[in-house]
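Dumping the structure here so I can ask a few things about it.
The chains carry the letters A, B, C, D and E, assigned in the order they are written, with residues numbered from 1 in each.
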């Protein structure tokens, strides 16, 4: 069992790793803290308009500058946070407010959107199922949206859900090449929200498995699984709820950076976020229902155990008493009242018959109560 | 029991099938995904005014065009979604926004209403009890309401709850022929909401059955039924709650497509949706009360089992001890203190009488406590 | 026990009868459905001003017309709904909107108020304790309030809570004769709300009885009673909550039919409705607390049973073992080690003394633990 | 135990006595109902300005009139409600609206504030711990605040929490003599809210006692105490919640009777009411946590009982079986296989040693599981 | 165990000490109550602008006056509340409203912010983990913010979380020296909020430990720990919730004392407070999930105990019965039917074999049910 716990706590740590990131109280705002273990930042630039497309990796943040000055849409995607110098130079290139830079680098932020006049900061969280399909990873993605550029910052380069959007830009599929940076930001946000669905499907399957398990064969391990499920759903809920508000405020607030046409698309994205919340809440309700069922199932099992004990004890204890009677040593020679049965011709057979009668009656009673089937079934 | 689980999960899958539909993250908005297994679309047109009526099946979406151009009300009802080409041509005929077409075709949308200037998109969900009366099917219906036309799209042609409205149009019953497309949309929405009542009545009956079962004869199967009931009510709630908001926004929002007169009728429809929500919430409360009662009933049963064991053990264990005493082999010949009873004239009868006294006293105690009635009743 | 269940479900059906009334989906709005079993409508008219009073039964709805045309206040009270023709003619006399007539006749409406320009529709629910004081009946009352008339429609003629108001009008008590139809409507609404208090008092008493029962003598029947209580309170809550909103909207909305003076009185009525809600919520909390207490009480009882079993078993099983030892047949003749006790002079008394010592020690332990008092008490 | 229940229900009745007061449905508004058992009203007048002070008992309500006409602040405090005539005359002197008089006399009102142009009605509830410190009494206090007078009405003269304010006026302490009637009303309201703190402190102590009891020595009596605690907290909550709204509406509403300066003081009073609510909610959470702990404690106790039974049975039942074997009467004379042990030289000692071995092994197993410590501890 | 309870209640008292502070009802507003045991106030002044810095302890409150009159930012930090005279003189120096002084001195206030025209009162609560890491201390900090000064008042001098800010001022790190008193107040508030994270991390670790404990080895002590955890989280929640509102109102309200630039920083602080609330709520959910798991674990343990009892009893009771049969004394000499087995040649071996067969079958059944592994495992 120890192994299970270990695995469990590993997954939990992964999903709850967020709590490690905080400044010591009293630190100046805008202070950047670099986690030395995290990967060095890699910077990718995609600069496009309806006709041209540039797609390349960039070494120095300053190399982005020329692209930002043109009218074409520039998407600068930073993956990895392990170098303070590069991040600060990036902040200078994009003229980021110190609080923006802190939020982007600090990987423990809550999803939010903030309006800095000519820039819009959006913090979102992206989830992906783990390889073993036994939980999910949650990673922060920050968007800094300007008039004709978009800066995105991710913690880990290994995985993101932006591949589909990148392909649509490169292949010129759909209308994305005809639209501005705001449409790009919407497309990426939409991909982030849509990334919740595979995770939800995994939980849907896990709940169905747990339902079968809890009804057919509940063990203490089942309990662990239900608890773990609830814990992860609490986490998932914490990731998606604030994103709904983020998207809603993007739709409602009158920032000029987002055009009215894109707002219509954002409504669609908003609907999807509500759908995700809906399903998370449904799963939470189902999982708390599972806990109730588990508790009842354990009580039922106790009933079965007690029935076996009661059946066995109730049959054999009276019989043993009868046998005990005739094991007494009263001396038949001293008195005709002292256990004359012992010397009677049919004493023993009658005694056995009497015992059989008792046992039979009790068995009949228990059979009528339906207890016998359980006592002799080999499956628990 | 395995069979039960199978059936259960089949129904569950049916009612929760929604979660299967989602695009891979990063897909372009407006992308249509066709489920190849679903039925080919059939298109029915009813074009009417107070005097004339056309009712026919249509093969090519383009054939609707002439009817849309007249002032009479045109109701185009599409049943089945299995052909991408037809759906896209339909989108062109009705000049649908790509997001509208996606919402209409994607069968996993949440009920909502959206205003596209000269069109109103309404997504609703229609429920029907299954044939076996053991659950319900939930199907999406989309409405695209224009100035003088209404496009409705359903997933499956087999069943809909629009038959009553169709008859009213064809027979000219009521005021429906005198009214516009907005009244038609109201009539259909009202039919959708009213379609929840038969489902609710089924659940009302199931709860009453479960109440009797849980008090009279609770078994692990009862637990399954309660869990399944709760699960389905969670689902039903998810279907009706957003529809209330849809109708409310239709009443409040100032779209010109819906006339003030029809808004009065929609208030009635809104009241019905609140009534449905009311009943779903009441049923949810009752079902969670049932779970409590079940748990108590299981505990009570355990008490009964324990009483039997305690009665039998408490009576026979002391008696067996007495018999054991007189089964000891102390040698009366060696000492007058060594079990002289064994040789006494009345030893055996007195011993038996003593045992009867013990048994009688205990029986009296247990009878006083009211435990005996349970121990010998044949019904569990 | 079967009889109890029957009674229970009878009361439940009475209180939840509402769910039977619904149209087949797709029915035209305004359709009236008559329950053939319900009583024929009886129409009573009270027409009054400060000086004159007419109080009579009316056969034909049209006979109301002359009274409606005068400036005096006309209260038309319809009791019973068993005749479609009369109801429709009534609708014509009062110029009711088809939806109003439907709402008035359909006995499953939720309390609401609706403003139809020169008429105000108010749907309320009236409750009364049943004769056996074991539940309550809930009946719909509809008010159609015009400038100088009030139409009230009740389902059953047997009982209403309007008697006090009728007497005040007839005897000219209070200011009612000096006021208009709006004050009359307020007086009746106030009587409807005040009618909840006797029902609440009944539930207060039932909860107090259940408290004593659940602590002193909890049986499975107690569980049923608690469940039934909760069920009825859910129902009661469903009846009173929307009425609060109805009265609130009457106070806030700027309909000209209700004068400012009457609005002050309605505030009082609103306070009473809040008080009713307060008490219903308090009772619901207490009843769910009762369920917890019941569960604990059942567990405590199990503990008592187990204690008896443990005391009896723990004392007699070791004693029986000792007796068993000296019942063994090792042959003392073959060896001096073979049970020499059997032939010793004080063997038997010492053995009995030893047993008494064991029993005494165990009794002391159990007495110290406080278990003995329970084992021998005759009351469960 | 019966005595306990009696006491309990006495306290409960005291705290929930409110539900007895209601008019029969249909009674005219403004009707005063006098409880004949309650005390005759005593009227005290304090009329003061910065310089002068009059403090006297008044026999006839009309004697207040001269004081009301002056510019000094007049506080008329009525204690007791047992005389309809005096109350009605009081109503005339103060020109009370009939509904105000009804609210003031009816002791079952919910805290509220109402604005009658030149008068402000405030209904509040005052709580005090009972003498035995085992609950609290709740009494209604009504305030009618005019431009330069304040009428307060209390149900019982015995106790009030106004003594501190009275002293401040008489001794001229603080700024109270420099302020108007609105400041006086604030001071009294503040005293009412502050009166909740001693009650809360009592509950804080009771919860701490219950915590120790539930962990160290949970008995069914503990359960009763927890239930009673919850019940009383529900009651307390019902008393304080609406008062918060009352104070809030006094701060926000633009009545001219309350000056801006006093509004600043009322904010302080509002903060205190929130603090009371905060603590009531915290106590409610703690008490429901206590119920969970109690349930677990009962389950743990059951485990202990079962362990004792299992230890005793598991050790002695196998031993008894061994003794039973050698108590069998197979005849060693007939066959060398028939229990030759009985005649062997070391038979009996080996048999006893074997038994000791079994017992020792089992004791070791149970000791390892940690069960023995419980079985022999003398405290339950 | 008594020692544990003591420790527990000590910690609880520490965290819930707030409830001791309240005036007797009827006390004049603005009354200051000094807790004689608390420490004498120490006053520290930091007066700074971009260039100069004064940092000194001050003996007489009046000595602050010259610094307040300059344009530089003056931070007066008062630690300890044990002297009424000093506090009142301080109130005069800063021209505090009597209610402000009362709020600042009364250590039981709820976090709040209040606008007194040219002063802003902010009450906050600061938490720190206890030395033993087994709970947290909660201390009130009051801020009085003027145009160019900030007065902070703390209860205990031992600890505060302002050290980081003090250092930033003294070392001139960051932009703090360039900003006004409002930025200083923000920095301190931010430090207060950030001070919750170490406490939260401690709880995160305690929950993880409890998770392992509750699954691997649940004891009644675990129950205590869970209850204590829940209790402390309730407390923590009570401390952080109102602070969110305080910060929000600072951002929204249009006080001139806080500049727009600082409002941007306060948004960041607000986000952190939401994050704290988020985590507290998550921990509360997890801890209530832990209680469910504990209850299930206790039930599972009971099942294990019952299984052992059932296995032992079910095997040996039937065997003992068989042994009892052959211990009966029927006389084989009197009849060939009287226990002829006793004299048969293979009687005893066959009897033993039969017993072995019974035991083996039962062991097989129990092994199949998987009960044996538990019965013989040495770890509970």
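Here are some notes:
FYI, a contact is a pair of C-beta atoms (placed from the backbone, for glycine too) under 8 Å apart; a residue touches a chain by one contact, two chains touch by 3 or more.
In this text the structure is predicted, and so the values were computed from the model without any measurement.
Common neighbours of chain B and chain D, listed by label, are C.
Annotation: the chain B:chain C pair of sequence copies touches via predominantly different residues, less than half of the used numbers being shared. A straight line joining the Cα centres of chain A and chain D is 41 Å long. Our note on geometry: chain A versus chain E, Cα centroid distance of 25 Å, whole angstroms.
For chain C, residues touching at least two other chains, in rising order: 295, 299, 302, 306, 309, 313, 317, 320, 324, 327-329, 339.
Round the ring, from chain A by way of chain B, the chains line up as A, B, C, D, E. Chain D contributes residues 161-165, 167-168, 173-176, 187, 190-192, 194-195, 197-198, 200-201, 204, 208, 211-212, 215-216, 264-265, 267-268, 271, 274-275, 278-279, 282, 285-286, 289, 292-293, 295-297, 299-300, 302-303, 306-307, 309-310, 313-314, 317-318, 320-321, 324-325, 327-331, 334-335, 337-339, 365, 368-371 to its touches with chain E in the complex. Looking at the complex, you find that chain A touches chain E at residues 1-2, 5, 9, 12, 16, 19-20, 22-30, 97, 99, 102-103, 108-110, 112, 114, 220, 223-224, 227, 230-231, 234-235, 238, 291, 294-295, 298-299, 301-302, 305-306, 308-309, 312-313, 316-317, 319-320, 323-324, 326-329, 332, 339, 341-349, 351, 376, 378-380.
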